[in-house]
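I've put the structures underneath this note.
You will see two complexes here that share subunit A, one where it goes with subunit B and one where it goes with subunit C.
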Partner chain A sequence: MIYTHRSPALLIIGIVMLAWGWLNQSGAADGLQAWLHPGVYKEHKQAVEKHQAAEKAAADKAAAEGQPAAEAKAMKPGKFDALKAGQAQFATIFGGIFCVIGLLVLAMKPKEGHLDYYISIFPGMAFILSIAFVVRWGLDPMFANWGKAALPTLGWDFAKILNLNYVVLGIVIGMIVVNVFRIPGWAANGVRTARFFLKTGVVLLGTLYSAAELAQLGALSVVMIGVFVLGSVWLVLLAGPRMGASNSMTGVLSSGVGVCGVSAAVAASPVVNAKAVDIAFTLGTILLWGVLCMFIFPTIGHLLGMGPVQFGAWAGTGILNSAQVAGAALAFDPHGIQTLKVAEIFNITRVLFLPIIVVWLAAWYVKREAGAQKINLSQVLVAKFPVFVLGFLGLFILSTMGVFAPAGHYQGKYFSSTEIKEDKLLKEKDIAALQAALPKVTAPEDNRALQDLIANKKLATREQDVLLRGVAKMEGLDKGAKDALGNAHKAAWHDSKIIKAYRDWIAWLFAFGLTGLGMQITVASIKQAGGKPLIIGSAVGLIKAIGSLIVVLLFVREFV
Partner chain B sequence: MSVVRRAAPRTAQPTTWSRAAANNRHPLPWEGGGGEGTALSPRTLLLAHHGTPGAEQAAALALSLAVPGHTRIVHLYVVPDLWDGMQGDDWLNNAWTRDAFGRHVEGQLESDAREQMRGVAERCAAQGIECTQQLRYGKPADCLLAAARECDAELVVIGPPRPKGTLGLRSRMDLDRLARGLAVPFMVATAR
Partner chain C sequence: MAEEEKKFERGTQLSIFVSDRFEDVGALIAACLIAFGVLLYVGK
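Here is the complex of A and B:
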């Protein structure tokens, strides 16, 4: 079979990307960027004016003193320049690659084989990436602006409340593409690579955990996932037969609802000999719940004022489908990946539970169904083992050995008084701003942390840092206090350049992967939600979501 | 082309004919036709059947219309393309697990199809009616249009839409598309 379509699409996408890179580099896109990022542009303009004023003053002074004008100093690049440079670099690199391969696609006569297969995936990848670019660079800031603009009229920021950021928009646009326009033939093969890039994102996440974080999050996730996964599998196995559902339907539903949604149902279907209609009802139910949860969970999380650890733990436990766990975590916290870090640990724990649950279900099914074929347990355990978790652990080990970041990066060594430099301590004006803000911080724990910060002029513990980052988001706090809290945080955290780059790459990999996964969610499959799986799945899904929310709010602290 | 809603089994005379039937190139029953196929005595009757109660009504209507030795029933079994998206957004499994799932689903769909096709073939054989069968994958209306064209059907018989609230896979026949695309009459067996 020949996979490569001789279509100019890849070349066209490449040329458009190169053009975008050039427009940013040359400054021709400044007007559009200023419209998309008014805040950053305003800062940039102020900095330019300040720089020009300083240059002029220096020139005037030199003229007054009868000396030759000093050579003009180049302006330090600001956020606006960095934003444009980043987009130009990204678009140029990928545009160049796509142009070269696009020309190859048009020039070569594809023959069956590996080369044809590997080349055929590029147009689809370019298709997803171009959507991810438009969403992340265009729609995300546009919706954020519209949300703010509509705030006085609506009384609420619809973009923030509805989490209309690049992650949610990417998934939604992916769903629109597949359901309304259909994926073009030339892109079909490459769209499937979304899974690979999501797994790569999870593997790279391994670089961002400290040993203490991983141990504590791991322990928490094992307890929560253990209770809720085993509990919901057991609940479905109990309710299914009582509601007259067949053994195969009950089996596939219990894995889907209990473990990690579609992936678990896919893994369990053959071992419980699920009928086609059981699979359709179950997957429809899980997808319906997954998509709804992806929108509802982040909104509830914001309304309840949850932090990254609490929300990550809740989403990682309560959302049925694992793809939407990542989506909800990034939707909740799109510009940092703290929540994703927590949620993915829960996701990985769920996946590690999967082979065990499949074996349990196989044994359960064989016991109840006369004539059912026995399976080889060790073969199932090996076949269902998620190999990418080994990659995650590998990178985590390399990272803790200091391969990617200086030793002490994860431990937050700059909390120690011996490490922090004098000039990094809070200044008098910061202390004054924090003292003025102290009465507004009513929660005793937060108030105590703030008092400690004022006394020490620096953060002393990771816990204080997490608490005060929450305080910095408080409404009604003046800018001076917020800046002071920001300075204290910056003084205590030193990220290596590699880790910063990884963080950016991880966000891109997830944006790419989730947009691609959105292209695999069809309304036709969601419409199959029905029958007993819908009733049992909805009941157990609801119990799991509410139960895990209560447990998280009661027992999970906002730091690990 | 005409759209006829009829109850199954057939009553003595057609109950409703649309105005369009008057312009149809096929001779009407009362116009005679000798050994030629007609809308109600077709030589090739295309039956869309996939085992639902509505499809059973369509089968009963088709069998009542078919004349042994004269009519050939072409049984079309459509596996709807909703299965395209049935692996959903699974991303955690490895290729081995996904392939195993794909093989399992294909096996299930094939076994369901064979069971239904065997049932219709047996009923045709019991009445001495020739039956050929087609298994297609895609949108039901598109598959039916393609099958009608390929087998030179003179009459197409389908079941009624599933009543609202009834359990089953949601993959409806697009009647509008059918009515516009078919060049031969088609009958929709009415729900009892």
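Here is the complex of A and C:
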């Protein structure tokens, strides 16, 4: 079978990407970028004006003193320059690669074999990546601007509440492409790389964790996940036979609904001798329910004013499928990674319950089906356990040991008093506000920490930070003092450069994977979810979602 | 001839890999390459 289509599509995509890189590098796209990023552009314009005024003042001073004018200093690149440089670099690298392979596709006479197979993947990958570019660099900031612009009229930011960010827009555009236009033949093979990139993103997430944060989430995560995973499996096993579903259908559905969707359903299928139709119906149910949750969860999260830790815990417990957990977490918090991290910790924890579920299902199935074949459970586990989870754990261990970032980092940030820059020290008005608040802080330890902060104009130790975070939440403290404490906290916590790089990689891997995932959600797959499995799965899914929401709201607190 | 054709029918409906296990291992290797590549390029 020949996989490569001799189409100029890849070359065209490559040329368009190279053109976008050049437009950004030359400054020709500045007008468009300024329209898409008005806040960053305003800062850039102010910095340019300030720089020009300083240059002019220096030149005037030199002229007045009869000295020759000093050489003009180059302006330090700001956020706007970094934004353009990043896009230019990204588009040029990928544009170049796609142009070279695009020419190869047109020039070569494909022969059946591995080379043909691997080359056939690139046009589809370029297709997804170009959509991810448009969505992340164009539609995402555009909707964010429209949401903010409509705020005074509507009273709410529709883009934020409806989660019209790059994740949701990517999936929606993917769904439109597959259901309205169909995926072009030349792109079909590349679209199937989406799940691989999602899994890669999940493994790489391990670099962002350290035991410090897992210690705070760990026990709660394990107890919550345990209760909801095992409870959901039990509910499906109870409801399935009563509603007339076959044992094999019930078994696969229970694993899919209880653990982590698709992989769990597939892993459980040999244990309960499932037929292809059982797996297909289960996957359809999980997919439909997962997509619904992905759209509904972030909106409810915003309406209830949930923080990243709370929402991450809820999504990681209540949503059935790993990909949709990531989608909902990113939709809720598209520009940070905190929610995604918490959601993935909960999500990954539930994968670890798979061996228990498999053993349970085997026992349940054997008991119900007197004539079931003997199944070797250890063989099923070795064959079906998702190995990429081990990669996540491996990178997490290395991260905890401090291989990638300062060992004490929390969500990619680390505390350092010595690295606080001069311009980040507390200002006079902050000091005045804190001095006014001093008599209200009666606890001796807190009062001493506040006095030290006032004296040093910065936090000296992490213990001080912890104490003063508590003070900032005190009732009766005025806004000026709260803001000052917030500024001191922000100044002492630094972003790790390497963690920022990992975050970028993960965001792109997920943007790519989820856009591709959208291209796999066909109307047919949604229709396939009809019937009994949909009713059972949705009922259990709803109980799980509501139950976990209540538990999260009652017991999970933000701690940073 | 029939065997030759079958040899190059690769991937599954949702993956370019011959099995989920291959995909898992591939994702694991890719993520490690990225993790250590970034560590070398950006530094700690």
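We take it that the second predicted complex is superposed on the first by the 457 of 560 C-alpha atoms of A that agree within 3 Å, B and C clash if a C-alpha of one lies under 4 Å from a C-alpha of the other, contacts with A are read in each partner's own complex, and residues count from 1 in each chain.
Please note the rule applied: a contact is a pair of C-beta atoms (placed from the backbone, for glycine too) under 8 Å apart; a residue touches a chain by one contact, two chains touch by 3 or more.
Note that the coordinates shown come from a computational prediction; the quantities given were computed from them, not determined experimentally.
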*Which holds for A:N321: it touches subunit B only (first), subunit C only (second), both, or neither?*
first
*State whether A:D478 touches subunit B only (first), subunit C only (second), both chains, or neither.*
neither
*Identify the partner contact of A:E49: answer first if only subunit B is touched, second if only subunit C is, both if each is, neither if none is.*
neither
*Between subunit B (first) and subunit C (second), which does A:Y117 come into contact with in this model arrangement: first, second, both, or neither?*
second
*Which of the two partners, first being subunit B and second being subunit C, lies in contact with A:V203: first, second, both, or neither?*
second
*asked:* With both complexes overlaid on chain A, does A:D60 touch subunit B (first), subunit C (second), both or neither?
replied: neither
*Which partner does A:I521 reach: the first (subunit B), the second (subunit C), both, or neither?*
first
*asked:* Taking the superposition on A as described, I'd like to know which of subunit B and subunit C A:V387 touches: first, second, both or neither.
replied: both
*Mind sorting out which residues of subunit A both subunit B and subunit C touch, each in its own complex?*
195, 199, 263, 266, 383, 386-387, 520
*Where on subunit A is subunit B touching in the complex?*
178, 194-195, 198-199, 260, 262-263, 266-267, 269-270, 273-277, 279-280, 283, 286-287, 290, 321-324, 347, 351, 354, 383-384, 386-387, 513, 517-518, 520-522, 524-525, 527-528, 530-531
*asked:* Under the definition above, what is the set of subunit A residues touching subunit C in their complex?
replied: 1, 3, 112-114, 116-117, 121, 189, 192-193, 195-197, 199-204, 206-207, 263, 266, 383, 386-388, 390-391, 394-395, 398, 403-406, 497-498, 501-502, 505, 520
*Going by the contact rule at the top, pick out the subunit C residues touching subunit A in the complex.*
4-5, 8-17, 20-21, 23-28, 30-32, 34-35, 38-39, 41-44
*Which of the residues in subunit B end up touching subunit A in this complex?*
80-94, 96-98, 100-101, 103-105, 108-109, 112, 167-171
